[in-house]
Amino acid sequence: MMRGPIPVAVAFLAGIFMVISFFSTNPAIERVSGDFLNWVSIVSGFTILLGVVSIAHANWSKIQRRKEGWPYAVVLRVFRAGMLVSGFSEGVETGTVYDWLFTNLQAPMMTTMFSMLAFFIASAAYRAFRARTLQATLLLVTAIIVMLGRIPVGQAINSNLPDVTNWIMAVPNMAAQRGIIIGAALGAAATALRIILGLERTYMGRG
Amino acid sequence: MCGDTTRYAVTAAVIVALLACPAAAQETESPGSLFNTDRVNALLLMLAFCGAVLYFIRSSQRGKEMYIRPLPGLEAVEDGVGRATEMGRTVLFIPGTGDIDQAETFAGLAVLGKIAKITARYDTPLMVPCLYPMPLAAASEVVREAYTDAGKPDAFKPDMVRYMAGESFGFSAAVNGWMMREKPATNIFLGQFHAESLLMAETGNAAGAIQIAGTAQPEQLPFFIAACDYTLIGEELYAASAYLSKEPKYLGAVKAQDIFKITLTVLILAGALFTTFDAGWAETFRSWFEVH
Amino acid sequence: MDPVTTLTALFTLAIYSFLYRDNPVYRFAEHVFAGLSAGYYSGLIFQSVLVQQLWQPLIGGKLWLIVPGILGVLTFARLSTKWSWLSRVALAFVIGANAGILLMQQLHGLVLPQVAETMINMGTIKGLLVVVGVISTLMYFYFSKPHKGALGVIANVGMWFIMISFGAHFGYTVMARVSLLIGRVQFLVIDWLHLVD
Amino acid sequence: MSWTAHLTSFDRRWIYLLIALSVILPMFFPVSFPERVTEQTRSVYDAMEALPEGSTIMIPFEIWPSTLPETEPLARAAVRHAFMRNFKIVSLSNIGAGGPSITERVLREEGDAFGKIYGVDYVNLGFKANYLAVLTGMGTSIRSIYPTDHSGTPLDSLPIMQTVDRYDDVQFVFAISDNATIEYWISIVGARFGAKIGAGVTAVMAPKLFAYLDAGQLVGILGGMKGGAEYEKLINRPEWATRGMGAQSLVHLVIIAFIVLGNIGFIASRRNKAAE
């Protein structure tokens, strides 16, 4: 059973080498680490490709069994195939089918989905931002001040609003962000350590 | 666990080698030294932190009890599954839209294991959409294992864990459509979320679901707070996953981070006091923490 | 009206129709969208990674690139049940290296400078608020003791700071989302319908 | 239903309708306001002004096509400023989906307007996988990660790259980002490799960055459309962002009005309950 230890050892060595190269300014180590990082980038590219390939067969069963909504699943597969075939066969430069689909359909739909948040942000704020407790009040009052301080009309209402907004951003907001950043960094460092030492293997699956 | 011992021994050897280097570096003082003496502070911080994490993970493995304060969202998780069971509707669980190397994804998957055990026990329908292929594979295994542990391996259906789309807005469009059609009773969003947080949470609210969310992305938290019934804020997500999964690797890490939060607080306070009262060594003290 | 622009506009409207309620038109657009996003920069990876970064330098004489090449091919072992463990070697290589970078980036790039710059003069209102804010926020995320007594007070103050920062986030984000909506509406009103110059 | 209950329970679709109208109407009656320049925007401008003419700067385009309405104006403003000062620009993108083509489009259009030549005055390195490896690798050698530019031309054959192979060779990094990669530019490229970093980000990312600004890890921040409009004012070329800002005011006021209405209803209903 050599399967378990090999990936764990690879992760360990790769991680430790990155830590060592962090502490070194030795030209030889720098050169090796530059090449090594290039390898990492190349292998990462393969894992992205694997992702694309391994999902290409999803949604088959629905069509085969003619389950409710199966025509939609056919639509999905047709467009997926179009994207994959054109992407691999002719590339992604301007003028390719891939680029046409991306520019005229996918990218606009991404922006459209994203812009729906302008509506959702309004309805969520209206429903949820109630001055129930001191904490909730702090949130909603800050939100209103900052919103006013960022638009030209706010300046017209009270010329101090932009300054107050900037003070909120630079002092209380900044302090909380810093506390969050420090805490989160410790959490991320602990996770990285668990991966290097092979204690975290969720990413490998268990089988 | 001789594997562990070997690993620690190698780590220790590497560290000792690194520590030995500053002396050598000072002698030669060439532009390219083996050890960059500007980074002694980072080295010490790393050693102390890694030491603390390992120590607490070990002592948790040895069975030491680790207290984690109760978090308000946690009971809501079990209640939410109960609600779905009563209504005969689905529990939707999304382990974030981050990839497999993110701490939040690990935390989300750890909680998923716990929830899948409950849905298995009560035969509650479960739906886990995933964005990236690797978390998808990991989530599948977690859910399958939970159903096996609960003694109901046959109740596990592969399409409980489902690929929806390979990009986050396409994913949100698909999840939103699904929510409005299937009307899940409970939505649980635990993991790394970006702009899709409010897209899905606001739609889930419109679909009438009870919603519990948690992420460490501060910029998304105001929106989860607005649209969900319970929200785990920032690191509460990690604490929650440690609390629910009871795994030493998570419990020990939470404990070590806590120790470091106290230590850093004391150091910050000391440094700030030195500066405030203009103590002679204020600058020196602070320079120990500065990076070059 | 340009037919391509019209097509884009129709898909835009199909997505927006969800705001009223779920409907077959949205459902169609949703599935087109999900299908498109699967192909997702596959072609780009092929060009920029496989060709430019791997193949050309390899035939140009950088023979040791065979190593990442083999590791990369190993990732595809995942598609076979028997050999799938081999793909974990490649995955472990990437994730292990990333973890090594992250460990130092978090401690050296974030913790140290952020801690150093909080050691400031507390004699000013700003200085005092910053130190109190940072410390109390950190303490809010302390999990080893219940938030009672002195710790409870500090954590509560931390929560005030956190709530102010969430309010600030919210206030800023409104502009971000509205910018995107303005962009979409400009497309519909100006580029598609030419209602305004 | 009492009037207070009405105030707290509009159907969300009425809200959507009002939001849509408040974005559409200003398009027919465009207004523009003078933009007041914030300190954090001015410091980016000052940092660029302080560099000698002919300096080389790096402008990564870490943006998705979905945030272009917000990020493109500030990207263009920064690129223009750089070309006005005769800087050379090294660009790249860690966002595979659309990033490199956005970079290409913005640089080409602005470059043509200023008579700049690709390969001499600016270069688009394109995309490589795994931003952690890319950002760290470029610290020792850009060539080790990018053997060629985006379209496959070897870097050694590009005049602009003759003097550039690591962060030490560029005088300033202006990172345009709509996602968390900006934090890696700060904590890897800035903290580890000592580069001077300015940020041009979506308004969503900006609040967090104030912590880095305060710690001196960032020179300055352009936050979203407003940051873009301020920068357009500084370089004296009011365009996209300035125009967009006119439409922002009304929507903001509508959202504030809804929050206030909801709270009036909430407080009134609480009073009623207390009175009963």
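Here are some notes:
By written order: A, B, C and D. Residues from 1 in each chain.
One rule holds in what follows: a residue touches a chain if its C-beta (ideal position, glycine included) is under 8 Å from a C-beta of that chain, and two chains touch if they have at least 3 such contacts.
These figures come from a predicted structure and were not determined experimentally.
Annotation: C-D is the more contact-rich of the chain pairs C-D and B-D, by number of C-beta pairs in contact. Centre-to-centre, using mean CA coordinates, chain A is 15 Å away from chain B. Annotation: 28 Å between the Cα-based centres of chain B and chain D.
Within chain A, contacts with two or more other chains are made by residues 8, 12, 16, 18-19, 22, 30, 35, 37-38, 40-42, 44-45, 47-48, 50, 52, 54-55, 102, 106, 109-111, 113-114, 116-119, 121, 123, 125, 127, 129, 139-140, 143-144, 147, 150-151, 169, 173-174, 177-178, 180-183, 186, 188-189, 191, 193, 195, 203, 205, 207.
The multi-chain contact residues of chain B, meaning those touching 2 or more other chains, are 39, 42, 46, 49, 100-101, 134, 137, 166-167, 169-170, 173, 195, 218-219, 222-223, 225-226, 234-235, 261, 264, 291. Chain contacts: chain C has residues 15, 18-19, 27, 29-31, 33-34, 36-41, 44-45, 47-49, 53, 78, 91, 94-95, 97-99, 101-104, 106-111, 113-116, 118, 130-131, 134-135, 138, 141, 162, 165-170, 172-175, 178, 180-181, 183-184 touching two or more partner chains.
Taken chain by chain, the contacts link every pair, so each chain touches all the others. Against chain C, the residues of chain A that register as touching in their complex are 3, 6-8, 10-19, 22, 35-50, 52-56, 69, 72-73, 75-80, 82-84, 86-88, 90-92, 96, 98, 101-102, 104-106, 108-109, 111-119, 121, 125, 134-136, 138-147, 149-151, 165, 168-169, 171-183, 185-186, 188-189, 191-193, 195-196, 203-205, 207.
On the side of chain B, the complex with chain A involves touching residues 3, 7, 10-11, 14, 18, 21, 31-36, 39, 42-43, 46, 49-50, 53-54, 57, 100-101, 103, 105-106, 109-110, 132-134, 137-138, 141, 145, 159, 162-163, 166-167, 169-170, 172-173, 195, 198-199, 201-203, 205, 216, 218, 222-223, 225-227, 234-235, 238, 249, 253, 256-257, 260-261, 264.
Interface of chain B with chain D (complex): residues 167, 169, 194-195, 206, 217-219, 291-292. Chain C contributes residues 15, 18, 21-22, 26-27, 29-31, 33-34, 36-40, 78, 91, 94-95, 98-99, 103-104, 107-109, 111-113, 115-116, 118-123, 127, 131, 134-135, 138-139, 141-147, 162, 165-167, 169-170, 173 to its touches with chain B in the complex. For chain D in complex with chain A, the touching residues are 10, 12, 15-16, 19-20, 23, 33-36, 38-39, 64-69, 96-98, 101, 128-130, 133-134, 136-137, 140-141, 144-145, 192, 203, 207-208, 210-211, 213-215, 226, 245-246, 248-249, 251-256, 258-263, 266-267.
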